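Labels A, B, C, D, E and F are assigned to the chains in the order they are written; within every chain, residues are numbered from 1.
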Amino acid sequence: MEGITKLPVGEQVEQFLLIKQATKGVTTVGKPFMSLILQDKSGDIEAKLWDTNEEHENMYKAETIVRVGGEIHDYRGKNQLRIKQIRVARPEEGIQVSDLVPSSAIPKEQLMEELTQFFFEIKNPNISRITRHLIKKHQPSLLVHPAATKNHHDYVSGLLDHVVSMLRLGKAIAELYPSLNTDLLYAGIILHDIGKVVELTGPIATTYTIEGNLLGHITIMVNEIGQAATELNIEGEEVMLLQHLVLSHHGKEEWGSPKKPMIQEAEILHYIDNIDAKMNMLKRALDKTKPGEFTERLFPLDNRSFYKPTI
Amino acid sequence: MEGITKLPVGEQVEQFLLIKQATKGVTTVGKPFMSLILQDKSGDIEAKLWDTNEEHENMYKAETIVRVGGEIHDYRGKNQLRIKQIRVARPEEGIQVSDLVPSSAIPKEQLMEELTQFFFEIKNPNISRITRHLIKKHQPSLLVHPAATKNHHDYVSGLLDHVVSMLRLGKAIAELYPSLNTDLLYAGIILHDIGKVVELTGPIATTYTIEGNLLGHITIMVNEIGQAATELNIEGEEVMLLQHLVLSHHGKEEWGSPKKPMIQEAEILHYIDNIDAKMNMLKRALDKTKPGEFTERLFPLDNRSFYKPTI
Amino acid sequence: MEGITKLPVGEQVEQFLLIKQATKGVTTVGKPFMSLILQDKSGDIEAKLWDTNEEHENMYKAETIVRVGGEIHDYRGKNQLRIKQIRVARPEEGIQVSDLVPSSAIPKEQLMEELTQFFFEIKNPNISRITRHLIKKHQPSLLVHPAATKNHHDYVSGLLDHVVSMLRLGKAIAELYPSLNTDLLYAGIILHDIGKVVELTGPIATTYTIEGNLLGHITIMVNEIGQAATELNIEGEEVMLLQHLVLSHHGKEEWGSPKKPMIQEAEILHYIDNIDAKMNMLKRALDKTKPGEFTERLFPLDNRSFYKPTI
Amino acid sequence: MEGITKLPVGEQVEQFLLIKQATKGVTTVGKPFMSLILQDKSGDIEAKLWDTNEEHENMYKAETIVRVGGEIHDYRGKNQLRIKQIRVARPEEGIQVSDLVPSSAIPKEQLMEELTQFFFEIKNPNISRITRHLIKKHQPSLLVHPAATKNHHDYVSGLLDHVVSMLRLGKAIAELYPSLNTDLLYAGIILHDIGKVVELTGPIATTYTIEGNLLGHITIMVNEIGQAATELNIEGEEVMLLQHLVLSHHGKEEWGSPKKPMIQEAEILHYIDNIDAKMNMLKRALDKTKPGEFTERLFPLDNRSFYKPTI
Amino acid sequence: MEGITKLPVGEQVEQFLLIKQATKGVTTVGKPFMSLILQDKSGDIEAKLWDTNEEHENMYKAETIVRVGGEIHDYRGKNQLRIKQIRVARPEEGIQVSDLVPSSAIPKEQLMEELTQFFFEIKNPNISRITRHLIKKHQPSLLVHPAATKNHHDYVSGLLDHVVSMLRLGKAIAELYPSLNTDLLYAGIILHDIGKVVELTGPIATTYTIEGNLLGHITIMVNEIGQAATELNIEGEEVMLLQHLVLSHHGKEEWGSPKKPMIQEAEILHYIDNIDAKMNMLKRALDKTKPGEFTERLFPLDNRSFYKPTI
Amino acid sequence: MEGITKLPVGEQVEQFLLIKQATKGVTTVGKPFMSLILQDKSGDIEAKLWDTNEEHENMYKAETIVRVGGEIHDYRGKNQLRIKQIRVARPEEGIQVSDLVPSSAIPKEQLMEELTQFFFEIKNPNISRITRHLIKKHQPSLLVHPAATKNHHDYVSGLLDHVVSMLRLGKAIAELYPSLNTDLLYAGIILHDIGKVVELTGPIATTYTIEGNLLGHITIMVNEIGQAATELNIEGEEVMLLQHLVLSHHGKEEWGSPKKPMIQEAEILHYIDNIDAKMNMLKRALDKTKPGEFTERLFPLDNRSFYKPTI
């Protein structure tokens, strides 16, 4: 099966899909309808369900798996799914939510294994113990959490994928600039975004938690580092340095870091985070673009369209 | 005694002073000298010591009490002290550092008593316990710490003075806008700046600590609230709300708050902090200004000069 | 009667309403309709009138009182009124526009009485005479004008409500910071927004006048203070100070004040104005929000959503 | 006589000069001296007077004419005057302040005559009467006032020079874009900066008045237009339009205009003002620069250095 | 014939029109339609074609001439064309695209003649040869290219119209400020925007080319000046100065000029460009506005609405 | 020999030094002196020469090699050299300027060899030919030019050092993100700053050329790419892409790039440039800092001080 986002206009559809989002609407002449975002592993597509009633609204909620028959058509330059039949999937059909959500290309266990290897490179015992403690504590969530609600690494295991990709880049940079302290750099990369397992609700239909809104993943993680140090009876500059790395990784106050980077590893951490996030967005956008054409506008990249060369 | 900052040009000086800052210099023709900032309770004044040597440099260091004879003269529109005699004070003369530093007009015990009264107004037990716990923990420092290195409430007990003044204003505002939750508002006022007892070195020759530079008083206090909750076995929304109040009290990301205020008490806390700091700066500047004239430029007030009306 | 904005979805409606705004439209298939904003004292609601013609357009204009039968339904998460019958109210039914517009909770006469009490606190005769003169001149409008077209105090007598609320806050602040000149502060509060009686059209279907657009309420009032001084033969610094208070009350050039505050009373006036406007917006938004949820985004508060705590 | 600013290093000086500014100083070894800014028609030069006492300070004040003997020398790349003899000029020597201050190249009477010609081009009687009334009222000051304390047209009759130069440019532009209303444009040009006769102290040793600081020339003139209309019993849109032209001529709120230009003549007025001010600054800076070199940095032109081509 | 944009609501239409833009759409109930932008010399109007199919989509493409019968109606405050009949124009009907696109009021040959006259005013042979060479090279495009895709001079020969209008203004300014080098100023005006003949696709259905997007008209022209100098064997400061004039004409880095103006002619060129573009936009907007009313919001003029006075 | 910047206070000096900068001065009491910046391979130090005359000024000019005897002393916290004897070096002493200027740690021939290896990795013949052509053309300058006048890579061969360091980083990144086109990335890195050989005067006493000021290294290089393509008869998208890479490498308009990066290789080039420049600055600053202390403020890093951890 090709995946719902890969089908051309006119193609017939008959498959299981997950409702990612469901919104009620009324047409300009007052008729009720539902607007659904349906997804499988390839991504998501919009669909309309006409002449709906309260029963439909209760049945077709977010996170429900449905069996849909229909056809792909073009609506204002974007593909849509015209629904002909729809029903809720039956338990005996054995479809899991995890079968229908995009996830990292590399299996999460393999990513976790690669992350674990970096623990052996952290020599400082205080840094090592705090980092291991926090990864162990959040491991179940970390295995599946996305790194964001949208834009980059916004899929199952996206957070872990992002962290491992950054570790690879961090290692390459540290080899070229040996004045960097790899204990701090690797621990900073591993911990910088783990607060997102509290800030975001989870891998499906991801939104912000109240704590995520009021405190944010940076503050959440800075607190957890402090708590971990207390629990492990660790004192010393390492605690403050790890907190500073997490605290400053957005690079500037207006981007949510209450302090700018003030150690060189924090400065480089900010760059590594940026490069990895941008390459993830660019790859995705360019994969959908033909040579000689421009991508759609990418909001987090200053709303730029990127050109795909023909050479 | 009038105080060193109140004496007119030409006046003879013969008194004890505290060295607040001592810097070595060399004249353009190569002769060594020392530039001293000397203070008593009224404030500080600059003085030069000519033809100094290493012995002088060792003797006249910051935080040393000296006996000085000399005369006030005018140097580029500001008063300076021309030193004629200087010697280190003798222990038997019984002068304390605390006799020679500016401090709040109201005794610190009375300020602390006034702050304590507000505990009785906090009804929510979780909020009350966390707040009392942290005030008790930091009480010794809180009694003497300044609120800043310069600009506003930058004197002994300045932090306590600022907090109590804000509590009075908070109470007045809460009476006019009864939808405000006074438990949150008073606890927010009490806790918002306590992190400064870690961020700043202390009441004499105040500078930033390393932790102050790398984490800042906001993050320090948010961490302490979390630790206090753990120690006191408190869970619930109150912890997050207190952390949010402290976190957001600078009002904007570019001013060092990783989140903008998102509860109404946090929004008002930001305003109360601002009004009290500005009134403190304006009072000080206008006290030195004659009616019909402008104050010196006040950097933290957008570098404005304020006019003192003649009416 | 509960008020049109308080009715739940599904409720039948049969009441008088005021047309606040009427706009013609065409559906995507070319059929004409009208979009009405209907209001009573509780606020306003949107309604559609289908298959309309020119006769309807002439009949159902802004500021017309109508008798409407219909039902509340939900359109994209907001309540709408489905109109079943509609007709223009008859004179003999005795409904006044004033019966159908939101207004301040406290009667306008009582607000004016409270404002008047503050005249007795202004000791300086020049300030007192100019302020009384201008209030007297604009009293009829001041009794009913809103303070804005939307956002805060945008109801009948909203301007007066705002001014009186600010006076109460000003009095509380002046008691805590006695260096403030209450003559200047109270006169500044009373006069700062009176220019809005010229800038805005009036309490119903409020829009900007041409003079409001080209000059603005600040300039309009600064001119009126000058004219009042001429008429009353008053000279002296008071005239300039009152003009400066009005001129600078937006706080910054980019917010429309050609000069920043340069006397302390002007600085505090700006804060009082801000606090009162924000508390008014926050109260209204939080009243519509359940504990544990966020308000809608509030544009003039940096587009923030505020959280309503559960404690 | 060449003028003090045109003399090369090493040249002997023996002439009358006006003290523009006098400041007391103390050397790093404590000896008093005075720093003088001395001027003649060609501009100004700095000079030091060593080993001064109180008598010197009373004698050599700003706006005093002195007879100076000395020599031009180079101090950090700028010419200075080394004073050998100095004395206050005697009344019988008959030197006037006006003999020693820079002024417009064209006589002020001729400039006023040229301005007056533009009255004949203003056809609308209301605009014409208000404009004539205000020019007549301020004519004595307008004949001699500078347009600024520094940067551009900062000399005797500089304001008039600036206005007349703008009128010429306005006429040229209006001929190319005939949709412009010349009545509004010419009156806007004539009135836009007249408030400076109140904002600035006068042509010698120019500083800001208190009213200039607290209200600014824009507000001062907007008020005067209103007062003039009252005195002349003029009502109608013209008053508001003239006020808007003056109000908006700085172009943006952050540059001190409470409203941006909202009629096309106001937009063009802002451009004409800018071009004329910049050409005046550029001419002056380039006149002092050799081909193939850069001017000094020009602060009001974004701190740029301009290149003087060799072609 | 009046022109399609001048007809009042209700008027019958029967004329040839050019399809400027054609977009497919689907109604909220799923029916396909086409949205057309149709134009004649007077400007453009929107029209809907209902119940369309693939055949229509192939027939009614951008740049096709059609014969349309229908009626003007009002859609949300803007005129629309209700299509009753439509067919593609037949070759034998002899209608040209050029008959149906807006163009400069003055014939392009006359504009080019006026531009050519300015060559005689350029005395410096290097400047003259480079300028003539580039105008000759691009003359065919220059005769018809617009200056922009929208906002100002966005019609056939709009670029030439803009350049000639700027030359007239440049000449007027140079007469008033004789320190300006007219060789540089006129050559700068002539060349500044010629890169648009490469940046934009052409006069019909104008869009950006890939080179336009990736390099921009400024860089394109700076390169061409360099290439021209090489071809003509010209060396010397003139080449750099012409490149600088083109390079800096947007005035600031954030507006796309990698260097700010650093010669006075470049500074003035930036102003002339701005004034001419703004007058073009203002004229167009005010022509559509009644006295006493405001224009629509003009996005490139800070989104302002301009008032059209009644005097 | 240790190098002049490594000597402690009190140390005797007797060595050859290069005058980097020489400025005349006058003391506050009018005595002439010279302020010299003297350098050897380790960096530079300030020195004063008292009681100088015209002969000294002619003898001790920038780029002169001198033999100096003296002593290191401390002036306001920075080391200075107190000169006891000074004379110009004699030709027979055989000291070269190149013996006394800082340069890259790796020999320039080795750096050039490493750069050359990357040519073999560029497969596209058009990109390869243009890049080789330009490197060959500028090779003599490229071998010795600095990358800046100060801040980073501001030493002999600094430009080449920077380019090679970036190539290493580019290679590491391209291996992790294989969607990157290495032909474009490597060519972009090699060419991006070569325009500096025209923008800056050379490796000794580096300043900006006129062309550097008026056009800048970005525009200079974009032009050269175009000229190279013409000379080599190369057409095709590669020319435009190389020009875009150079054009956009500052990342934003306000940083001097007339276009933001619009291909992914340009985006990454900007990051690589930034990381390498910042690591160079940070290394230099941290090398001079003790663990547990902060570096001096680094202006191009937002004026931050960086902390050097003790772990």
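One rule holds in what follows: a residue touches a chain if its C-beta (ideal position, glycine included) is under 8 Å from a C-beta of that chain, and two chains touch if they have at least 3 such contacts.
No experiment lies behind these values; they were computed from the predicted model shown.
Asker: Would you mind naming the chains that touch chain B and likewise touch chain F?
Answerer: Intersection of chain B and chain F contact lists gives A, D.
Asker: Hopping along touching chains only, can you work out the least number of steps from chain A to chain E?
Answerer: So the least number of steps between the two chains is 1.
Asker: Write down the chain pair in B-C, E-F or B-F that repeats the interface of A-C; the criterion is over half of the contact pairs matching by residue number.
Answerer: Answer for the repeat of A-C: B-F.
Asker: Using the touch rule from the top, work out which pair, D-E or A-B, shares more C-beta pairs.
Answerer: Result of the comparison of D-E and A-B: D-E.
Asker: For the two copies chain B and chain C, what rotation in degrees overlays their C-alpha atoms? Round to the nearest 5.
Answerer: Superposing chain B on chain C takes a rotation of 180 degrees, nearest 5.
Asker: Among the chains, which has its CA centre at the largest distance from chain C's?
Answerer: F
Asker: Quick one: report the Å distance separating chain D from chain F, using the average Cα coordinate of each chain.
Answerer: The mean C-alpha positions of chain D and chain F differ by 44 Å.
Asker: Whole-Å distance, chain C centre to chain F centre, using C-alpha means?
Answerer: Result: the chain centres lie 61 Å from each other.
Asker: I'd like to verify one number: the distance from the centre of chain A to the centre of chain F, where each centre is the average of its C-alpha atoms, in whole angstrom.
Answerer: 41
Asker: Send over the residues of chain C in touch with two or more other chains.
Answerer: Answer for chain C, listing residues that touch two or more other chains: 28, 210, 213-214, 241, 262-263, 294, 305, 307.
Asker: Which chains are in touch, pair by pair?
Answerer: So the chains that touch one another pair up as A-B, A-C, A-E, A-F, B-C, B-D, B-F, C-D, C-E, D-E, D-F, E-F.
Asker: Write out the stretch or stretches of chain B touching chain D in their complex.
Answerer: Against chain D, chain B makes touches at 27-28, 31, 48, 50, 73-76, 82, 292, 294, 305, 307.
Asker: Tell me, which parts of chain F touch chain D in their complex?
Answerer: It comes out as residues 23-26, 28-30, 210, 213-214.
Asker: How about chain C: which of its residues touch chain D in the complex?
Answerer: Counting only chain C, the residues touching chain D are 210-211, 213-216, 218-219, 222-223, 226-227, 230, 240-241, 243-244, 247, 253-259, 262-263.
Asker: Per the contact definition, I'd like the list of chain E residues that touch chain D in the complex.
Answerer: By the definition above, chain E touches chain D via 124, 165, 168-169, 172-173, 175-177, 179, 181, 183-184, 236-238, 241, 260-264, 267-268, 271, 274-275, 278-279, 282-283, 286, 294, 301-302, 304-311.
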